[in-house]
Amino acid sequence: MFKFLSFLIAFFFSLGLLAAKIDTLVVSSKSMRKKIKNLVITPDSYQKKELRYNVVYLLHGAGGNHKSWLEKAPELEQYADLYNVIVVCPDGDKTSWYFDSPVDDSMKYETYIVDELVSKIDKKYDTVPNAEYRAITGYSMGGHGALYLAFRHSDIWGAAASMSGGVDIRPFPLQWDIAKRLGEYANAPEAWEKHTVINLTNLLNGENLDFLIDCGVDDFFYNANLRLHQKLLERNIPHDYIERPGGHTNEYWRNSIKYQMLFFNDFFQKSKEQTK
Amino acid sequence: MFKFLSFLIAFFFSLGLLAAKIDTLVVSSKSMRKKIKNLVITPDSYQKKELRYNVVYLLHGAGGNHKSWLEKAPELEQYADLYNVIVVCPDGDKTSWYFDSPVDDSMKYETYIVDELVSKIDKKYDTVPNAEYRAITGYSMGGHGALYLAFRHSDIWGAAASMSGGVDIRPFPLQWDIAKRLGEYANAPEAWEKHTVINLTNLLNGENLDFLIDCGVDDFFYNANLRLHQKLLERNIPHDYIERPGGHTNEYWRNSIKYQMLFFNDFFQKSKEQTK
Amino acid sequence: MFKFLSFLIAFFFSLGLLAAKIDTLVVSSKSMRKKIKNLVITPDSYQKKELRYNVVYLLHGAGGNHKSWLEKAPELEQYADLYNVIVVCPDGDKTSWYFDSPVDDSMKYETYIVDELVSKIDKKYDTVPNAEYRAITGYSMGGHGALYLAFRHSDIWGAAASMSGGVDIRPFPLQWDIAKRLGEYANAPEAWEKHTVINLTNLLNGENLDFLIDCGVDDFFYNANLRLHQKLLERNIPHDYIERPGGHTNEYWRNSIKYQMLFFNDFFQKSKEQTK
Amino acid sequence: MFKFLSFLIAFFFSLGLLAAKIDTLVVSSKSMRKKIKNLVITPDSYQKKELRYNVVYLLHGAGGNHKSWLEKAPELEQYADLYNVIVVCPDGDKTSWYFDSPVDDSMKYETYIVDELVSKIDKKYDTVPNAEYRAITGYSMGGHGALYLAFRHSDIWGAAASMSGGVDIRPFPLQWDIAKRLGEYANAPEAWEKHTVINLTNLLNGENLDFLIDCGVDDFFYNANLRLHQKLLERNIPHDYIERPGGHTNEYWRNSIKYQMLFFNDFFQKSKEQTK
């Protein structure tokens, strides 16, 4: 029977009858006074508009844009269908680090995503406009971004994850334009301390966010992720923690996102059961 | 479209047209001269017998039997359908620890599973009779068992996992009948050293087995799993490692098996691609 | 001979001739404008008033009051006799954490104990009014309290101890009203950092306080105590450190106090020898 | 009243009326064919012979003899009185290490103490001839000896302790004649592995021995004691563990024995309660 269904799915796909849909949504950011592109994947079932959908936000790494995620993991369309979620991939600039930069007014990606993008998505799409049905993750700079935003805004996202995330930026004072966003580390150490995920654990109380940290043992961010994990253990903050073979690679993320979509689906199911 | 398919699946299920099938297979163990029950789940598609199927072996914990797994995770039927695998749950005796006991001839569960059960399954069912298409996991005593058997027989299983596994037995000299299987720890320390997973890492070369270790941070086996993980890192042996909130509970295993079935499915897909 | 003495002690006890005495001392706290009860045990020899006595302050855990210590360890009376000390058990409110709360004027238990209670005791009782003859300890919240007060006021207490102490409060942002005393951790991280024992090691110079840390290996505060111990080792600050089997239980504290009274007695003897 | 009693004790002591008694007991060792001296302290109450007494064995360090303990801690007499125990201090030769030497027939101190001395003591003195009422400890080589003997003979001693114990001999291949007892480490590694305390944890099952490990943080044996502690934690074997400021000194041991006598007294009380 399953084979028959698989056949049906493949058949309908080939006819173009079964397909997640991919939009490019342009949002005018008031805070930054510029237009920003976002890729939005709606599941095949979405057209019928009978449901309200959970939303997963995916943040790209340094050098990427709103199309990076789909290029790295084309299966996202199938995950959207399989789990019945809307996937949103914003353009986070090549190296915004998803901060509101204290030194550059044109870089307010925290404000953009938290205030502008989420409300736009909830307005334009049939979503459940609620932290319990919203999740966020990302790779590398986007892993930092996902945890940075979710730790600071657990009223917006109820679940978060990171893969190969730059969860401690301090070991990298010269790389990926972080100094352009925060000032040179030597001159602005407080800004660096305030904007790095590993220093934000006080925002978690063990109940306000479900999250998962995943990093490859050969990744240059491995040590930072391990330290974040250990600090969370010390602070008694529940979280899933995964180490896998592998480095800072597309292959790692393509595998990782598969498990994270399952993790988010579990979270959404739990939210559903609790609100019944 | 997905909703339509979901509807179809639900519909056919309700008619009994779509359903994994559950058998109890009794195998006569030559080595132990007794009959042993095994629960076998074949996916819905199996009846048509057009395919050869991958097989996942699931080992129960202390006190359990061949029915324990299905009682703890009824979703196994759906996983069998979703991933098109045969699931085999042997009765490992309440406390065999899946050893060949050096002190009790009636306890040869390593021989039983490795030599007798696997060949019986491959004979009786349409399997791919090959390590690349066979996996094994278990919880608690069964987590120990899965890694113990897979480390020692990577020619039989190409992938393995453990959840809440008793991967170091030495901290528990008085519990779960281990002393009955191996002799008192004080008198037979060599037997204990030889039969504990954490001492078998020399059997791994980093290529002969894909495996995953998963244990809750509140589990009494947590420390042992963490030490196994650290030893594997030191020895440069690739493996997936997961820590989650939670203890030694059914709830933990029910969640864990969901991710492990996905892990095994990935392994089987990889095997397929490599043999193309 | 000893048997004869034991007989004598038992005999005099039975006649009520030999007995530590238990008072309830009510102190009017100026800082908090309320009356606070304190249990005071004077040794049998005290009535004769020929001596000046050393004083041990005992702080209770969350949910307790001035009577908790004596209920948990009735032997305190015998320890008072055996070591010739006065024992003072203040009511520290159910969850004062022995702080001066920065957000609640009615919670100034640091001021109360350090400024008001100690001087009252020294006035009302024949004490040696001197850090060299004063010690403080407690269990759980009271273990935190004892070290918090002694680290900050080594001019008041020359010896201190903790059993099962909450020496790092940050892992428990939602528990035992700590947030009511300091503000929510997410909003007031500086207050939490400033009021947790593990961050106060800079107040110690290796000479100004004799102290002992004791925690059971199954206690949920074990990790915090281990980290405090390791930090003290790194910082080269001498201290006694004890780990025993056991968890966060009355049984643990009843055993622990026996050794701590001996530790304090040693300290008092040393003080005596040094002032000769 | 207590002052009065103290006065009485001091008074009777000064008259020689109240006093533990010190014997030198010479035992002919069959196994070694030599006479060995042992110092035995009986409590003051002993003369009346109405009681059966608990016994604490104290082992000296390298270079010492049966008189070393009393020289280092004259208070032993008072402890004997206070806790009503018999204290036995055998001469363990300057560097026997309390082994049965596999290479020197004249060195069988394990046999001597376990088989010959204990039975002699139980014959000659009014003891409770039972592991539940026997304890053993020692400093340095004697700390090794106490744990070595108690781990291997938990049927003889129910409680044990070590202070500054040489619990891992392997880091010291050239010192204290160990090579004379076991053979050069380079040539006889198995003998060294078999005769070092840290390798004997398999003899413990978590129930057959109550024991305490105590070592100063500046001691050259500190690291070995820390490793033994950590191995015991991993193996789930309950034990008391104490670290104090200090090195390998008489001062350390004189302080330590005070707490260990209390620990043994607790053990004897517990034994008594359980046999009621």
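Labels A, B, C and D are assigned to the chains in the order they are written; within every chain, residues are numbered from 1.
Rule of thumb we're sticking to: a contact is a pair of C-beta atoms (placed from the backbone, for glycine too) under 8 Å apart; a residue touches a chain by one contact, two chains touch by 3 or more.
In this text, all values refer to a predicted model and were calculated from it rather than measured experimentally.
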Using mean Cα positions as chain centres, tell me which chain lies farthest from chain D. A
Check: interface with higher C-beta contact count, C-D vs A-C, is C-D
I'd like the Å distance between the centres of chain A and chain D, where a centre is the mean of that chain's Cα atoms. 62
Approximately how many whole Å separate the CA-defined centres of chain A and chain C? 49
CA centre of chain C versus CA centre of chain D: separation in Å? 33
Linking chains that touch, what shape results: line, ring, star, complete or other? ring
Identify every two-chain combination in which the chains touch. A-B, A-C, B-D, C-D
Hey, which residues of chain D end up touching chain C in the complex? 1-3, 5, 8-9, 12, 17-19, 43-45, 48, 81-82, 84, 217, 229, 233, 238-245, 255, 258-259, 262, 266
Partner chain A, residues of chain C touching it in the complex: 168, 170-174, 184-186, 189, 192, 223-224, 227
Of all residues in chain D, which touch chain B in the complex? 202-207, 233-237
